[in-house]
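Chain IDs A, B, C and D follow the sequence of writing; residue 1 opens each chain.
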Amino acid sequence: MIRIGVVGATGYTGGELVRLLSVHPRVQITALVSRSEAGKPIATVLPHLQGLSLPTLSGYDPDALAAQCEVVFLAGETGFAMEHAPQLLTRGLKVIDLSADFRLKSPTVFAEWYGKPHRAPELLQEALYGLPELTPADAYGKARLIATPGCYPTAAGLALAPLMQAGLADPQRIIIDAKSGVSGAGRSRISVEYLFSELNENFKAYGVERHRHTPEIEQTLSQQCGQSVRVRFTPHLVPMTRGILCTAYVPLTQPIRAEHLHALYADYYARQPFVIVRPLGEYPATREVYGSNRCDIGLTVDTRTQTAVIISVIDNLVKGAAGQAIQNMNLMFGLDATTGLPVAGVLP
Amino acid sequence: MIRIGVVGATGYTGGELVRLLSVHPRVQITALVSRSEAGKPIATVLPHLQGLSLPTLSGYDPDALAAQCEVVFLAGETGFAMEHAPQLLTRGLKVIDLSADFRLKSPTVFAEWYGKPHRAPELLQEALYGLPELTPADAYGKARLIATPGCYPTAAGLALAPLMQAGLADPQRIIIDAKSGVSGAGRSRISVEYLFSELNENFKAYGVERHRHTPEIEQTLSQQCGQSVRVRFTPHLVPMTRGILCTAYVPLTQPIRAEHLHALYADYYARQPFVIVRPLGEYPATREVYGSNRCDIGLTVDTRTQTAVIISVIDNLVKGAAGQAIQNMNLMFGLDATTGLPVAGVLP
Amino acid sequence: MIRIGVVGATGYTGGELVRLLSVHPRVQITALVSRSEAGKPIATVLPHLQGLSLPTLSGYDPDALAAQCEVVFLAGETGFAMEHAPQLLTRGLKVIDLSADFRLKSPTVFAEWYGKPHRAPELLQEALYGLPELTPADAYGKARLIATPGCYPTAAGLALAPLMQAGLADPQRIIIDAKSGVSGAGRSRISVEYLFSELNENFKAYGVERHRHTPEIEQTLSQQCGQSVRVRFTPHLVPMTRGILCTAYVPLTQPIRAEHLHALYADYYARQPFVIVRPLGEYPATREVYGSNRCDIGLTVDTRTQTAVIISVIDNLVKGAAGQAIQNMNLMFGLDATTGLPVAGVLP
Amino acid sequence: MIRIGVVGATGYTGGELVRLLSVHPRVQITALVSRSEAGKPIATVLPHLQGLSLPTLSGYDPDALAAQCEVVFLAGETGFAMEHAPQLLTRGLKVIDLSADFRLKSPTVFAEWYGKPHRAPELLQEALYGLPELTPADAYGKARLIATPGCYPTAAGLALAPLMQAGLADPQRIIIDAKSGVSGAGRSRISVEYLFSELNENFKAYGVERHRHTPEIEQTLSQQCGQSVRVRFTPHLVPMTRGILCTAYVPLTQPIRAEHLHALYADYYARQPFVIVRPLGEYPATREVYGSNRCDIGLTVDTRTQTAVIISVIDNLVKGAAGQAIQNMNLMFGLDATTGLPVAGVLP
């Protein structure tokens, strides 16, 4: 059994890690860290975890973690990992970070979009960007530090990778219109705008002028096509808890029939258990991957405007966070990617 | 008092007409027509209308309507108006249609998108397309037949008109990503896919390959810019009852600063009581116009991709249907456009 | 025109007062007070109020209010009114309070349930408890200070008054199981438990051991039956924004047929425009009074257990707060109770 | 591996059985029966089951089932099991029914509440009512036919069993006020009243005068206390998909302190992995058992009215249907009750 620690266990992503890991057949949760709730059983903070045998919440202590665990998931706020990952790596731990700290390769781009200098720039090249369907499988064996992609970059990256790699997209005019459930905001974002009465029966855009996932999406797409990519990315908030749907509009550099595009996608993801390319004419809904680690994709070509329209859905807390982090752990430890991860969604 | 009849009174749009007209100071509802529920008080079908003094539901009878009313709202399914409007006009009634029957000017385009020939093509040119903020005010005086625009074309048309008219948009590459509450599907669309358990906590696209509002949007935008416009239009279904948010992406034909674009919009809508151009940096949410006849607009220019991003919101049953129809009626009868119509939204 | 001031204008109840008063034909809003947002236009805080002509938010100043208004609505937190109402009354203003401060007649009971002594006990007897359907009409003429009932006591009081007055209820064994939308918690209750992601798709009880509306309900019911009443009251939180449904279970002191009970209710409320006793076999849903000032009631007698089951619904922000306060104002100023108040609900 | 068949696989309960069984370590799904969708892959009907290896949907054929399976879950409409279970039993299959057909022991009571005679009355005594926490463990070994309890009777039975058994309840005056998510209505109940726009943001009672779960609840409670029990049961519909919360009010026959009642419950359920008696002062929310097979219980004693108040929550599709059926199967086959069943809820 792989001994696991989760830092930031009482947030939504942390709680989801615990839920998923509690039924994973190859791991044992040996440490749960919460700086604000240390000393309590986790079920007093997250009552949906009642009935499980879990370690009591403890404060953050790298030496204790090194004694208790082989791998540590960091599910805290942005900034925590770049401050603390080095000391965990030094103690021989493997680290899987779920924050944005190690996703961007360039410290300059990081500073530009996150508004502060990176505190561990020396680790940026080493950190493996773990989007398993796009990341070379052989990169996992030697990885000590994995950056789990953001939720939007996961949905957008999987939606666009085959098209980018095929060289069919105009790389400067891609539009990504994304819609997310509210849980992406996390459990510690406590302000009027996240109250139930403000968001229920309400739909809105946010981060319209600038959202931090833009450079991460561009980094992924640029790697796929070998060119510098610019995207217009607009996220929206849907009155639901979980789920992201990403509608991508790609001006085509040459005419292509929908059947060909579909075949391209089907081929690209043929061996990926967590990506389902739905039949032509069928488009996925977020509910179909609720609680699942899948990403489902539907697509068409609008011949009137020569635009490829690609629609992808994920559960932002599973494939967009905790599930993908565990998929990364599976690969890091030589397990099958699907071990312990849900394929079926929870519907209705 | 203007004597009013509503045909199709027990659908969502019909019920909303009754709700709004019941507090309109200048009208009297004299006939409520429902072919399936004739003979019943409307409140037995739509209990939210309890406590009002309203005529009993009756069957459809053009002679009776001519005796009882001056103007008739047609809130039935597509196809009803083109069959029945001629006989109402012949009897001297004014007709305000809320269906798609008289929106498109070209019978060929109608047949192409609606899959059947138009049954009253001779009225298509006469019918006034009543999007009051874009329609010449002097056209209302002589109108006998008004086509109330579709919900998406209202939101998209108001979002894009100033930009089209200014000649700043590339007319072949406009993308309209729209999101709607479920009530747009109506009360008679009874199938598995509209069940609560299917749509709640779920977000999806629909009509991706082809949606009938596409040619209507193109007709409106073409009129504004004097050129043939092609749009990629993708509607989505939001797990909420009311509201449309339209995110439009327009490739700019020349660089323009956000401040200038904002000034252009503010000027264009300066005298329109129901269109609010929100300050730069502020984007409207659907809830803010819930139950209101307003359309609020927010905008920016993405200088990284030279794209104007315009966001508009309406209540699909008010400004997108019943409210706009009443606004048309006000103008048709020489009343102030705002008479009896709600400006404030219902929030929370 | 009656000149109106609203103190606490940026809360949910305050905003609802403004929305409703903005279309009231006999009033003019002359002062909007918000201590935290003074100096701003109200629409910058509550964007659903865009497009209205309203005074700018100002700080709380009793002299200014006395100069600007005839009547002031107090929509602040519990505690504000008992501190400030006296000075407003002294300045000749009429005061309609929406908080709990003047609802209970006994300062002892107030102290017991609110955990602090009352600061204006001398006004408790004078204050008129304004539940218009139960309050003697002639009491309004001389009233200077009106206490608007709580949302639950309104729904429960209207549900049970006819039964209590008829002497059919065992006064010690009444059970009131109430369910409320989230907006009752207000806009300033900002904590984890009111986040969208916590309450969406979730149903729970709260205040199970003790809820402050218990003595207010008992006071109302005791007045109706002339005996001391004890109720078991359990409120629940429904994942929706507006609406209260109250299910009351009353052990009957003598057998009665449902038809008789229904006739009793129909008779009791025969002249009340805002209370609809639905036909036997029909039970109201919250949505049917959404945005309306109505209270709809359905009932039956369970002959297997000799229990009357009464179900009432209101919109907690309208009949349960702002609408009822305006109804009180109408009566206070000799207007028809229904003036400016919505009868129809907003549905769907 | 236990070979499993599911009849009625494309309903909500059937789909949930498939979802849960697909990760159960000791079973193999060998037959999926749907009379309306035979011949299709199940994922074309229920896309959340994409990515699983499952048999194609087939028509109902008892011989084929006997060849393919050891045990068959019947997840069809009421009436199917009493018609078809005999022939499955004859063929040596074990049967776990999820409908109401074999829950009531008395054919007379069945006929009274279901409005038709029972078609297999000879099996009613044999059928094991499988509410595992209340059913004797040794009854499972010899069972051929198990009736899985209804969702409300599960929640109510678990909420009240300890109190009934202790003889503390007045058996004629129990009130059960229950609230359910919409998925309980199933996927084939297609009518206006179950449309999203009708139920969203709406709360209502239903079945007020008479609900078929009443006699089932009374049967369970009567068995626990050895007396004839009468309950007043009122179900309500909550605008959410999953979850039942049951608020039970029990007049106490003797005074008891909350601490004693809590100890009684804690003791009663001490060895039950799926029932959590929450600490005094803590009450469960439906979301905390979403997707879980748990039933969580909170309780207090209202000393003002001498009433015990017990609140229980379940997921109606898991502990209230598919999960409990699998728990029954586990016990029927000598497995640990928890095998393959989720303990943690899905939150947020």
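Going forward, contacts are C-beta pairs under 8 Å (C-beta built on N, C-alpha and C of every residue); 3 or more make two chains touch, one makes a residue touch a chain.
On a predicted model such as this, the values are computed, not experimentally measured, just so you know.
Chemist: Which chain is most remote from chain D in terms of Cα centres?
Modeler: Of all the other chains, the one whose centre lies farthest from chain D is B.
Chemist: So which has more C-beta pairs touching, A-D or C-D?
Modeler: C-D is joined by more C-beta pairs in contact.
Chemist: Could you state the distance in Å from the CA-based centre of chain B to that of chain D?
Modeler: 46
Chemist: So what's the Cα centroid distance for chain C and chain D, whole Å?
Modeler: 39
Chemist: Using mean CA coordinates as chain centres, what's the gap between chain A and chain D in Å?
Modeler: Distance between chain centres: 36 Å.
Chemist: Any chance you could list the residues of chain D touching two or more other chains?
Modeler: Expected reply: 12, 183, 187, 197-198, 200-201, 239-242, 284-285, 287, 290, 348.
Chemist: Can you list the residues on chain D that touch chain B in the complex?
Modeler: 12, 182-183, 185, 187, 190-192, 194-201, 239-241
Chemist: Can you tell me which positions in chain B touch chain C when the two form their complex?
Modeler: On the chain B side, the touching residues are 12, 15, 18-19, 22-23, 46-52, 183, 187, 200-201, 241-242, 273-274, 276, 278, 284-285, 287-292, 294, 296, 317, 342-348.
Chemist: Of all residues in chain D, which touch chain C in the complex?
Modeler: Touch residues, chain D against chain C: 172-173, 175, 177, 179, 181, 197-198, 200-206, 208-209, 230-232, 234, 236, 238-243, 245, 247, 249, 251, 281, 283-287, 290, 298, 300, 302, 304-305, 307, 309, 311, 348.
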